Amino acid sequence: METVTLTIKNQPDLFLEADTITPDAFAGKKIEEIADLHVYVGREQHRLGDFFEISGKAGATPEETKIVVNGDLSRVKYIGMKMTAGEVVVNSNTDMYVGAWMQGGKITVNGDVDAFAGTGMKGGELIIKGNAGNYLGAAYRGDWRGMQAGKITVTGNAGSDIGTFMNGGEIVIGGDVDVHVATHAEGGRIIIKGNAKSRLGGQMVEGEIYVLGSIDLMMPGFAYREDVDVDVDGIKGRFALYEGDLGERHRKRKGQTIYAKLYQRIEA
Amino acid sequence: MAEYLIKNGFVFDPVLGIKGDKADIAIKDGKIVETTALGSPKVIDAAGKTVMAGGVDIHAHVAGPKVNIGRNFRPEDKLFGYKARSGIERMQGGFSVPTTIRTGYNYARMGYTTVMEAAMPPLYARHTHEEMRDTPILDQGAYPVFGNNWFVLEYLKNHEIENAAAYIAWLLRATKGYAVKVVNPGGTEAWGWGLNCENVHDPVPYFDITPAQIVKGLIEANEHLGLPHSMHVHANNLGNPGNYTTTLDTFKLSEGIKPNSKFGRDQVMHHTHVQFHSYGGDSWVNVESKAKEIMDYVNSHENITIDMGQVTLDETTTMTADGPFEHHLTELNHLKWANADVELETGSGVVPYVYSPNIKVCAIQWAIGLELALFAKDPMRIFITTDHPNAGPFIRYPRVIKWLMSTEAREQQFDAFKHKDKVIEATNLAGIDRELNLYEIAQMTRAGPAKALGLAHMYGGLAPGLEADVAIYDFNPNEPYAPDDIETAFLNAEHLFKTGVQVVRDHNIASNGNKRTLWVNAKVDENPQVMRDVKEKFLRYYTVTLNNYEVTGHYLPNPYVIEVDATE
Amino acid sequence: MAIRVNLITGRTIQQGVSMEAGKEKPAYTAACGIIELDPADFKKLGAFRNTNVRVTSDHGSVIVKAVEATQGPHPGVAYIPMGPWANMVVNPNTYSTGMPTFKGTPVTVEVAKSEPVFSSLELVRKGCRGELA
Amino acid sequence: MTKTVTDVICPFCGTLCDDLEVVVSADNKELLEVYNACAIGAEKFLHSQAKDRLTRPRMRQEDGSWKEISYDEAIEYTAKILTDARKPLMYGWSSTNCEAQAVGSEIGELVGAVMDNTATVCHGTSLIAVQDIGIPSCTLGEVKNRADRILFWGCNPAHAHPRHMSRYSIFPRGFFTGKGHKGRKVIVIDPRPTDTANVADVHLQVEQGRDYELLNAFRVAFKGEQLPDVVAGIPKEKIYEAADLLKSGRFVIIFFGMGVTQSLGKNHNIDEAIAVTRDLNEYTKAAIMPMRGHYNVTGSGQVWGWLFGFPYAVDLSRGFARYNPGETTSNDLLRRDEVDAVFVLGSDPGAHFPFSSVKKIYNLPSVAIDPHETPTTEVCKVHVPVAFVGVEVGGCAYRMDNVPIETRKVVEPPEGMMTDEEFLRHVLARVKEIQGV
């Protein structure tokens, strides 16, 4: 695997739209060609090379290409957008849409990300070592096809509206989450190792939420069923199982209504 | 205005009866003229290319309230699907429900110059006209909906044809409308209570009238006025297994009625998107094609025209004044549902829909649409549409043309179906080897719809005196081609002239054109009773005043009025 | 003496009328430079009706006149008509929806008899120039 | 001599009453009386006659004072800040006509602006919800003629839409509703016993910020499932009762306002309220409608809908239209320093945005086009007073149910004053000159 290293040299005075920072865009290109890729500040078009020192070498294919991005990237959007393969490492906080619509490969952010990371994710792995913003792994506005597959792991906390319209894949939050989790979800799994506030599983059709910490307020549409032993994805313990959203539509299998499941840990 | 001479193209024109022979087409002052009438024209070399009149779309949902609901509530329909502003081209967006700007440009790119908006709620006429005003290039008109209108229900309940006609004339003037449209007659009024009318004899709640009375009465009123277009109907029971009997019952309502129109049409009923109305079986499990039965009737009755409503196997946005149908649809696919009932007049619903080649029913729908066109004896009476965007976006017309012209293309599609065998079993298409030729395509997309609209004196052909709407496609019918070459060519007209202005040059938009809005001004004898009824209903039941209802002035910056004298 | 209440904002007919009459005019300040408190909360605050108070949240602070709730009772809930005064203290967090959280901001209310209620124009001008306490 | 203009449209709120009568002087120069309007609407017409009204553009000086400038200078300044900026915000568009909105949209296209309207702090979250779940709705006449169950959730028409209840919802007698008020049951859900609640049959005083839970409880109740004893401060018996009251109606209409769009949950509150409406259509006929505020905020959403495909928060900076509330919405843009110039027309963010956003406007090149002197004009560098739409110039406006109505001109504007549309056409022409298109 070949590596291209980007180091930001000029900070944009507004925000930098850099959806070209992906293995797909870099693969098979010379450094000069990569420097000529387009980025935008407002309506102005610039070269990637105008903002970044670029060194190293890109692989022949996305699979063989790794990108390391250094410097303060807190005003850079769209890193890793739509990537299908390869690897991106961001050694900084960064802004919105990290890994949005990504289909494969791996993104590691050694810092915080802002909203809409992993929007409409179809596959691959997104690892955030800091905190994540709102709408993590959610659907784009109006789309009923949210996160389809892949895995998002956040070491710190996440904001509101994670996993909206989630259909598949997995989101693991090491810390706490804000309101509205897995709204309208029809599949997938969300694991919250810290505490949750309220509106978990609102309008949820199918899928699973695991909460290891506290929940401020349970939705009226979620009913306690029983205590169960859980051993999933390294999470072991005794959990209270709730089913819902009782107000929402659900399909039936063999005459049995299939609800979304919310597990809250009682003891480790 | 510039003069043009389009030389040596292979011309396909049902009006002149030219079937692909080489001919020259002359343009002067916005009209087609004899080549001898030209002075020093710009010459367009069309050698080895296909030349046709500008396309005419008799039924599409391209402007108005429900179309804009479709745009505004589907951001995902525009995601990554935009085209940036450049030169004279304004920015464009949207796939199944494009912005007005893209609508105008994309029709032009396909060689179309006239597009009719198929359903205008009268109370929203201003909105519909604002959108048409902002749709570049195309000549357009809009059909106000009448089939659930309280005035109409009350007049026709007592068979008061003259009063119904006087009201139609008044509403066409008030809304600047073009024709009489009927959607799920009585059913949409019933939907005001969450109900529906599922066959032509199903009484309308409270109003004590049946869909059959509404349709027959509106045909008679339409002919009483002698309007350019016939009554244009979307029958009851759309989209349900076994509904072909309702469709045949609706057809039969036109029996024995002859056209009374100075505008050269032969039909008294246009039934739209018949694909959605040609289903046998009694459930989605055993649904099957009844296109044969439907077309046997159409072929043997000259006072009917139809359009296809061809399913294109895309993700799209359904939208119709058939409110109960859209509710039924959202119950099936659980996708977002918008509904917009309109006081005293009509209603509508909007639901996204994914026609997947992996779903048996979608594939059967695809086959049925094509069967209708391929069973047609008279291509001047059946027209290519997708009921845009209901069965698919209009941008797929070239693909529909490909399927109609090539058994190979149809076989390729059959092979792509997940349930190929079940689909073949439930339809006739696999056994049909007919391939339409370009002359028949010109009939189904130009001359036929123009005639049915009562606009044969303006559109649909290349005879001297007609509007200079001319499309030139980079397609040589006399050389071997692959099916996809057809789609490519008809998707990207090389040149397009619209009333003499070159709007597409070398496959690019060259002008925003000289767009016109057509409406019908029907003069009738004074009718004090109808005017009293109008005043009374506005006073008591409408939420806008009568004086704030009529569409006037700047909403139609470039109007084209078709005068009809229906006075005794 | 200070109390904690949950602040909401919104329209009132007086706000609407005075807004259309001119936001630079005293009537607008009289209509919107106020906080409506429930009698029970007045009691806790230990203040008379029509006393100036300082309303403080995590997001800012403003002086308004405390008046008795016109559409009560709603103990624990306080109401400032929508406008620049309320917007000094509302929660600007949009939760990535574009919409600030205009309703449901925890605030502290304390008596501030001697401090003036600024007009809408003064308030934003002083605020922008950093001239507010 | 005076004359009376009838069928006048009120350019205040989304109710868009069109039955006003206005008495004007024979020379059309003076507006004397307004009939049929609510207190707010009447004030709007009369204020246009204020003697102290500003009639010329002005520019803020170094020392903070105002200097009168010509319209040409104002046009030049506006065109310049828009063409100099890389991402200008063009905000407002709700208190003007669709004709001006269309011209403004063309300017926005040329300069690559973010176009946003007042929905961004009003019903923007409703629009998000509609994009997620749709909206079964109807025109206000359907309510008048059919509705026998009226639910006001987080809205207070008695104060915000004063004639709504008498024209459309609670009191009117329609075709199938001859008994008027007597034939209807009215439910109000609000954390305060509002003046609207006082005319209701049922008031549920929901715990502020718990609307989402209460709406969810209604859906659980419809399905006959078990509820917790108390939800959002309301005992479950009352919720079951109210749910049955709705189900038993022939035609249910739900009106909602900023009580739900601006509280915790925002778009989710509306999403769930629409789900409640969807559910009710299993049992009877039901519709839901946002109580839109500005008289033509709906129109700007329509115009942008057909031109760009999105109802608000439209980012045109890249030459095509993009949309994502949370990123392309005014308050997020200002808070995050994403824009470098601000243009305001037909709205007052200075009064209605959180102060942290107002301060950002103060620190940017900025122009406000507004007939009034407002907190926005106070913080902008240039203020361009214009004629009142719906009073001194006509044009199209869309009611809260999306019905388009042509507003009327009833009096002449003060001598030499421009309309929104005129000013924008000049700016558009100047922008084209500067860009050489």
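Just so it is clear, A, B, C and D label the chains in written order, and each chain counts residues from 1 on its own.
The rule we apply is simple: a contact is a pair of C-beta atoms (placed from the backbone, for glycine too) under 8 Å apart; a residue touches a chain by one contact, two chains touch by 3 or more.
If you're wondering where the values come from, they're calculated on a predicted model, not measured in any experiment.
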Selected pair, greater C-beta contact count between A-C and B-D: B-D
Most distant chain from chain C, judged by the mean position of its C-alpha atoms: B
Most centrally placed chain, judged by C-alpha centres: D
Distance from chain D to chain B - Cα centre to Cα centre, in angstrom: 35
Centroid distance [mean C-alpha coordinates] between chain C and chain A, Å: 39
Rounded Å distance between chain B and chain C, as computed from the means of their C-alpha atoms: 57
Intercentroid distance (Cα basis), chain D paired with chain C, Å: 22
In chain D, residues with contacts to at least two other chains: 128, 131-132, 264, 318-319, 323-327
Per-residue multi-chain contacts in chain C, two or more chains: 95-96
Touching two or more other chains - residues of chain A: 115-116, 134-135, 140-142, 144, 179
Of all residues in chain D, those that touch chain A in their complex: 85-87, 111-112, 128, 131-132, 212-213, 216-220, 222-223, 225-228, 231, 264-265, 268, 271-272, 275, 279, 317-319, 323-327, 336-340
Complex contact set, residues of chain A against chain C: 115-116, 133-135, 159-161, 178-179
Partner chain A, residues of chain B touching it in the complex: 73-77, 79, 334-336
Parts of chain A lying in touch with chain D, wherever the complex brings them together: 13-15, 17, 40-44, 96, 115-116, 134-135, 140-142, 144, 165, 179-180, 183-184, 198-199, 202-203, 217, 219-221, 223, 245-248
Complex contacts: residues of chain D adjacent to chain C: 12, 39-40, 43-44, 47, 50, 120-121, 124-125, 128, 156, 158-160, 162, 191-195, 197, 205, 208-209, 258-259, 261-264, 266-267, 293, 313, 325-332, 335, 348, 350-359, 362-363, 372-375, 378-379
